[in-house]
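Every chain is named by a letter (A, B, C, D, E and F) in the order it is written, and numbering of its residues begins at 1.
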Amino acid sequence: MIFSLLIYTSKSNSQAEQTALRFTRSLLAKGHSIHRIFFYGDSVHTASNLKVTMRDEQDLTAQWLALSTQHQLDLVVCIAAAVKRGVIDESEAKRHQKPGANLQHGFSLSGLGQLADAAIHCDRMITFAN
Amino acid sequence: MPTNNDQSVLLIISNPPFYSASNRETLDIGLAFSAFDIPVSILFIDDGILQIKSDLNSEQLAQKNLINTFKALEMYDIQDCYVINKDLERFNLSTNALAIKCKTLDKDAIAQFIQAFKTVINL
Amino acid sequence: MSYANNTTSSNTLHIINKSPTDHQLYQRCFNALMAGDAILFIESAVLVCVDREFTAATTDNISYFLLEADIQARGLKQHSDHQFHVINDDGFVDLCCQYKKTISWF
Amino acid sequence: MSYANNTTSSNTLHIINKSPTDHQLYQRCFNALMAGDAILFIESAVLVCVDREFTAATTDNISYFLLEADIQARGLKQHSDHQFHVINDDGFVDLCCQYKKTISWF
Amino acid sequence: MPTNNDQSVLLIISNPPFYSASNRETLDIGLAFSAFDIPVSILFIDDGILQIKSDLNSEQLAQKNLINTFKALEMYDIQDCYVINKDLERFNLSTNALAIKCKTLDKDAIAQFIQAFKTVINL
Amino acid sequence: MIFSLLIYTSKSNSQAEQTALRFTRSLLAKGHSIHRIFFYGDSVHTASNLKVTMRDEQDLTAQWLALSTQHQLDLVVCIAAAVKRGVIDESEAKRHQKPGANLQHGFSLSGLGQLADAAIHCDRMITFAN
């Protein structure tokens, strides 16, 4: 089956993204596919490249990237949600005259149309939120 | 209710106004999906019904009042908005007190209603 | 009114900001009330004044306050009855001074 | 067991991840249940299996599932009784396939 | 209970384990305040009591198990940890099932207990 | 009276920081003082200088800064909470080999000792959270 995931977490260190990661690994191992993973709301912070992972914690951003590299996942971050929360790429930094960009390479900023497309082109859309 | 449930989407709004970004971001999903010709319905449930009271006024708060954005729903062809009779009673409201036209559902009809949609988004 | 005088109470001001649908939060706050304490309802908590399912604390002698900006934003100005005192931001600061400490229930 | 077969149900898989202390969320989910639906309790929601105040939905013919990693993390492995089926992450994926859609209650 | 309530701080933990950063960040406040010789007590209430169950095991989750950090409380002179009898009953626990030594309070004693502290932090 | 504020919000666009801002303006206008405002948990994102404020929304970061300039407020961001969430200054960026810094000038990163100090040196510590 084709899945799309909508990630919408609002508390850092909540379990929701960890559950989503395990779910993703499991569905790929079972031969299903993922059309897109869409990061919305406060989940856009997952795509920041300025986070420092403490020694005793897991780097969820790196885990998404590793999965994405291995399985060519489409990791899309909602551009409107990201820009207002301070997660921006070079192009947005320039447009809004910000001093730098912090979007982790491997994630892309795009509009909610990508979520609509994800909903259309999947058999199951699963929300992971908190 | 969707006649063609192939791509129909139900958005559930259960948070009160001015609570977080979630009501605004749910609405934005509705507008975006409509632009892709996905039939969208919205169910306001529990405190969510308060989001569309016509007398909200955020002047004293440093927050946007979403009411005009919600009013834009009709232009976007999102004409299926639903509230629950029990919630109207709870807050002593009539549908006239709401800024957008809503159909009403009995609490016991919620489950059947939801069944018709392909996708349900509940932020 | 009691909250307008300037003597410092030895009691606590409880500040709650969630909708009364969060029963457990309200119960937790209610369990922490001493006679003479006050509760200030702010943000979504001002919905207490129109929620027919809301039942007040059973502890004696509790004062209830609503933050004006929040009831106005929600179109509830006419609904707050005599059970609740409506205060503005200055009143919020005054309450914090008059009570010995505040506890935020969020 | 019913969840192990591969026919797609026309029913819904409800996924809930909050502690059962969130009564309103649970009530909202319960109001959305059709006979034949399933509820998967994940993350803090697996506490349903030890919470003496938890009362299950009154709708007939609902299947209850608990996510194994979450009950193990909380030391509840021995507590889950026959009312609940325990599944692992693969079972979670299978459930999503077997039910026609999922609704997340968060 | 603080004998000198001049600077005493009560931390309230009410979230279950693995829920968010709040329990860890509350604990970190306790450790930091202790280093400043502020007397710190911790009240575990509602689902918060589950945070200190000795059988928590986060191996399968990509999360840190805080239990060892909580065990460090005693080294930091935070020896006043409290749980509520009703919460023990609710989850069918005894204080032996908890990883740290806790005193128990009746629900009706909470209000009086809280009154003694100068500051209460409740994240 | 001397106040200290602890800000601990977890949802963006929640009202908690707006309430805290109005409360701060009011108490300063009434002649009280603020020893420190401590941003903890997910509130550290308030101190990011990469956020773009939409035309129809308020810039809370700018409002804190304006108040701070006028009244010499001590706006402290918990360093441990900030670094793990990707809000870092030049020095942390260098230490952790990150590609840039995003701490808004006017906020400073410091440890929880500053919260302890704030608790000791105030008459009232008020928490704004959500």
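Following the convention adopted for this analysis, a residue touches a chain if its C-beta (ideal position, glycine included) is under 8 Å from a C-beta of that chain, and two chains touch if they have at least 3 such contacts.
Treat the numbers as computed from the prediction; the structure is a model and nothing was measured.
Novice: What is the set of chains touching both chain A and chain D?
Specialist: B, E
Novice: Suppose each chain is reduced to the average of its Cα coordinates; what separation in Å results between chain D and chain E?
Specialist: Here chain D and chain E have centroids separated by 30 Å.
Novice: Rounded to a whole Å, what is the gap between the Cα centroids of chain D and chain F?
Specialist: Spacing between the chain centres: roughly 40 Å.
Novice: Please work out the Cα centroid separation of chain B and chain F, and write it as a whole number of Å.
Specialist: Spacing between the chain centres: roughly 34 Å.
Novice: Measuring centre to centre with CA averages, how many angstrom lie between chain C and chain F?
Specialist: The mean C-alpha positions of chain C and chain F differ by 25 Å.
Novice: Residues of chain B that touch two or more other chains: which are they?
Specialist: 18-22, 46, 61, 63, 119, 122-123
Novice: For chain F, what residues touch not just one other chain but two or more?
Specialist: Counting only residues that touch two or more other chains, chain F contributes 8, 10-12, 15, 41-42, 57, 125, 127, 129-130.
Novice: What are the residues of chain C that contact at least two other chains?
Specialist: Residue numbers touching two or more other chains: 21, 24, 43-44, 69-70, 101, 104, 106.
Novice: Taking all chains into account, which pairs touch?
Specialist: Here the touching pairs of chains are A-B, A-D, A-E, A-F, B-C, B-D, B-F, C-D, C-E, C-F, D-E, E-F.
Novice: Taking the touch rule as given, give the residues of chain E at its contact with chain C in the complex, in rising order.
Specialist: Result: residues 14, 45-46, 107, 110-112, 114-115, 117-120, 122-123 of chain E touch chain C.
Novice: Under the touch definition given earlier, write down the residues of chain C that touch chain E in their complex.
Specialist: Listed in rising order, the residues are 12, 24, 28, 31-34, 37, 59, 101, 103-106.
Novice: Once bound in the complex, which stretches of chain F touch chain E?
Specialist: Against chain E, chain F makes touches at 6, 8, 10, 40-42, 80-81, 111-113, 115-117, 119-120, 125, 127, 129.
Novice: For chain C, which residues are in contact with chain D within the complex?
Specialist: 21-24
Novice: Per the contact definition, I'd like the list of chain E residues that touch chain D in the complex.
Specialist: 16-19, 46-47, 50, 53-61, 63, 89-92
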